[in-house]
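What follows is a set of structures to go through.
The following pair of complexes shares a single chain, chain A, combined with chain B in the former and chain C in the latter.
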Partner chain A sequence: MKKVHAVTACIIVLFVILLSFVLTSLNMAPETEEVRTLGKFFLENSYFGDYSAMSPEVVTSILWDYRGLDTIYETSVFFLAIISSLALFRLGNTIESEKHSEDSGPGLSFIVKGIVKLVSVMIIAVSASIALHGHLTPGGGFQGGSALAVVPLLVIVAFSKFALEDLGFTKDRAMVVRSLSLVGIALVALFPLLYGAYIMQNQPIFPARIGGQLTSGSLILYNIFEYFAVGAGFTAVFLLLATPEKIFKKLLGVKKE
Partner chain B sequence: MIFLHLIVLAISAVLGLVFAYFAIVEEDLLKAVIYSAGQAVAYAIAFYILMAPDVLLAYIAIAVGIYTALLIFVISKTERREVIS
Partner chain C sequence: MIVEFLWSIVIISILGATVISLYGIARRPSLIKKLIALTILTDSANLLAIMVGYRLIYPVAPPVLPRLTEEGLKEFLATAVDPLPQALVITAVVIGMAVNILIAFAIIQIYRIYGTTDVRKIAKVIKNEGS
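Then we have the complex of A and B:
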């Protein structure tokens, strides 16, 4: 690390501290105890009020109920991003069939592999709990799904891409899971139309409780579908990105240096 | 109690800034990615202090795990050191 960078970093830190000191002493952002009107509406309505989403988690009820269409569009943007990256890194069918490259190394040491085995199970449990409790505690489908996507990543790094594919988690299967989940989200969004309600309406179309457990109607369904959609989408991209460079070079016809 | 929270918030925000600066100026791209992950951890603490656990849960998985790994994949397809002409 060069000395000039350390000095610059120190100057930045001093500047920020000075700036925050000046702003605080000028009282530019006075403390307030009041909740704004919009926030008050959501806090009062998400579980109790007349426009209830039957969820004590205000963020999830805004994401999938009050402002549900925003999240639908966000999901479609994510879908397009995954599709376009799959299109960028696509491989011909002939190349893809000759999966096992001859000299794929043994992977990392057995310590790393053992730890990854243990941690993977824990991450799956935590991510499932984040997604399934999304309507009760902070978290939700996207958060749980992105935590789930760390598992294939760890397996690819510690073992190899081919280890994951031997277990049956191929790119095509991930895309099937992803597509089915997106169809699920669309069906749940369109379902209220059958009852003459609005698109993405939650209450009272969907049951708020199942067997005495609070499920918050459609929120838990959206969270589960989004969980699988995000997890499978990221897995597909990682599998393609982890394809050895040699296979790409063979596809593009690059000669050995 | 709010005082302690604000102190932790200030420290993590400044730490994130320093990490971001080093991520920009570092010529070894692999180290730059690690600095970027450090910045993400600092900002994750800031999100927690600002009472945004929903954002935190997505941010920590994406910014520390997925984003870092994606960049490492990309670096493995090119050269490790940034060449400044």
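Then we have the complex of A and C:
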């Protein structure tokens, strides 16, 4: 580390401490002992109350019920970004068919491969639990899907991209799963219109309990669809990222190494 | 008093991280470092939003109902933090992750074509190709 960097770091730390001291002595720190009125409304209403979402998890009920349209638009931004990434890295059909011949090498040791096999099953179980309990405990579709996407990443590192594709998890299939899940989200969002209710309305339309288990109406459906959509979207991205560099170099016509 | 002081330190540190990340985005020539600075900016903005919803009391609880009874609700209201900033932040986190993926893909493609991620060198190459 250069001397200049150390001096800069010291100045920044001193500045932070000094400024917080001034802030404290002038009593200017923001008051944060009470929840704001809007937050209180959500806390009171998420399970009990007149505008109930029948979910003890207040964040999930805001995410998929009270402010559900926000989340729908957020999901569309997320998938537009993934589609743009796939468009940036698109491969021609001819090159994709001949890529398998370049597969070579013995791969990593059996210890790594064995551990990855074990851990993958555990990750799938944990991520499914995160997604399916999203309406009861902290967690949900996004978090579970992100955890699920770790499995293809591990398999790509320990075995190879081609091992994953031989198992049937190709990029195109991931895109199909992703699109089907998006259609599922849209259908669940539009379903209340059949009963003359609002778009994305949850409570009187969807059953809050199924077989005595609390399912919080549409929240569990959204979480499941989002789980598959996010997991499949990330799988497609990771598969493209793992494509050998040679193929892209050939495709782009880059000559220098 | 000491609690307020520590609280102020946290807030000022987050603001400081925001300023440093803005410097990184504007002044670092490498695209990778710009991306890293952008993620720091996103994270400090998210952390600031979470701080706004936090409560300086003890004990403090996450916004998840511990028991499904009416009596538990009063106790829950006294301790639970504001859920709205958390719901907004999870939206922001996911969008931030997607945008980061897109930027990373673009940077990789730029590196493949130009052989560098230094914006000054890329500008020079583009200028030479144009003339």
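The criterion applied here is as follows: the second predicted complex is superposed on the first by the 216 of 257 C-alpha atoms of A that agree within 3 Å, B and C clash if a C-alpha of one lies under 4 Å from a C-alpha of the other, contacts with A are read in each partner's own complex, and residues count from 1 in each chain.
The criterion applied here is as follows: a residue touches a chain if its C-beta (ideal position, glycine included) is under 8 Å from a C-beta of that chain, and two chains touch if they have at least 3 such contacts.
Quick caveat, the model's predicted, so the values are computed rather than measured.
S.K.: Just chain B (first), just chain C (second), both, or neither: which does A:142 touch?
M.R.: both
S.K.: Look at A:252 in the shared chain and tell me whether it touches chain B only, chain C only, both, or neither; answer first, second, both or neither.
M.R.: So A:252 only meets chain C here.
S.K.: First (chain B), second (chain C), both or neither: which does A:5 touch?
M.R.: In the superposition, A:5 touches chain B alone.
S.K.: State whether A:130 touches chain B only (first), chain C only (second), both chains, or neither.
M.R.: first
S.K.: With both structures fitted on chain A, tell me whether chain B or chain C touches more of chain A's residues.
M.R.: The partner that reaches more residues of chain A in the superposed model: C.
S.K.: Quick check for you: in the superposed arrangement, does A:239 touch first (chain B), second (chain C), both or neither?
M.R.: Neither partner.
S.K.: Tell me which partner A:67 touches in the superposition: chain B (first), chain C (second), both or neither.
M.R.: Second partner only, chain C.
S.K.: So, A:59: does it touch chain B (first), chain C (second), both, or neither?
M.R.: Both: A:59 reaches chain B and chain C.
S.K.: Where does A:150 make contact in the superposed view: on chain B (first), on chain C (second), on both, or on neither?
M.R.: first
S.K.: Touching A:17, do we find chain B (first), chain C (second), both, or neither?
M.R.: In the superposition, A:17 touches chain B and chain C alike.
S.K.: What part of chain A is shared between its chain B contacts and its chain C contacts?
M.R.: On chain A, the overlap between the chain B and chain C contacts is residues 12, 16-17, 20, 59, 138, 140, 142, 146, 241, 245.
S.K.: Which chain B residues qualify as touching chain A in the complex?
M.R.: 10, 13-14, 17-18, 21-22, 25, 53-54, 56-58, 61-62, 65-66, 69-70, 73, 76-77
S.K.: Which residues of chain A touch chain B in their complex?
M.R.: Touch residues, chain A against chain B: 1, 5, 8-9, 12-13, 16-17, 20, 59-60, 130, 138-140, 142-144, 146-147, 149-150, 153, 157, 234, 238, 241-242, 245.
S.K.: Inside the complex, what are the residues of chain C that reach chain A?
M.R.: 1, 4-5, 7-9, 11-13, 16, 20, 51-57, 62-65, 68, 70, 73, 76-77, 80-84, 86-88, 90-91, 94-95, 97-99, 101-102, 105-106, 108-109, 112-113, 115
S.K.: Could you please specify the touching residues of chain A with respect to chain C in the complex?
M.R.: Those in contact with chain C are residues 12, 15-17, 19-21, 23-24, 27, 29-30, 32-36, 38-40, 42-44, 46-48, 56-59, 62-63, 67, 70-71, 74, 77-79, 81-82, 84-85, 88-89, 137-138, 140, 142, 146, 214, 237, 241, 245, 248-249, 252, 254, 256.
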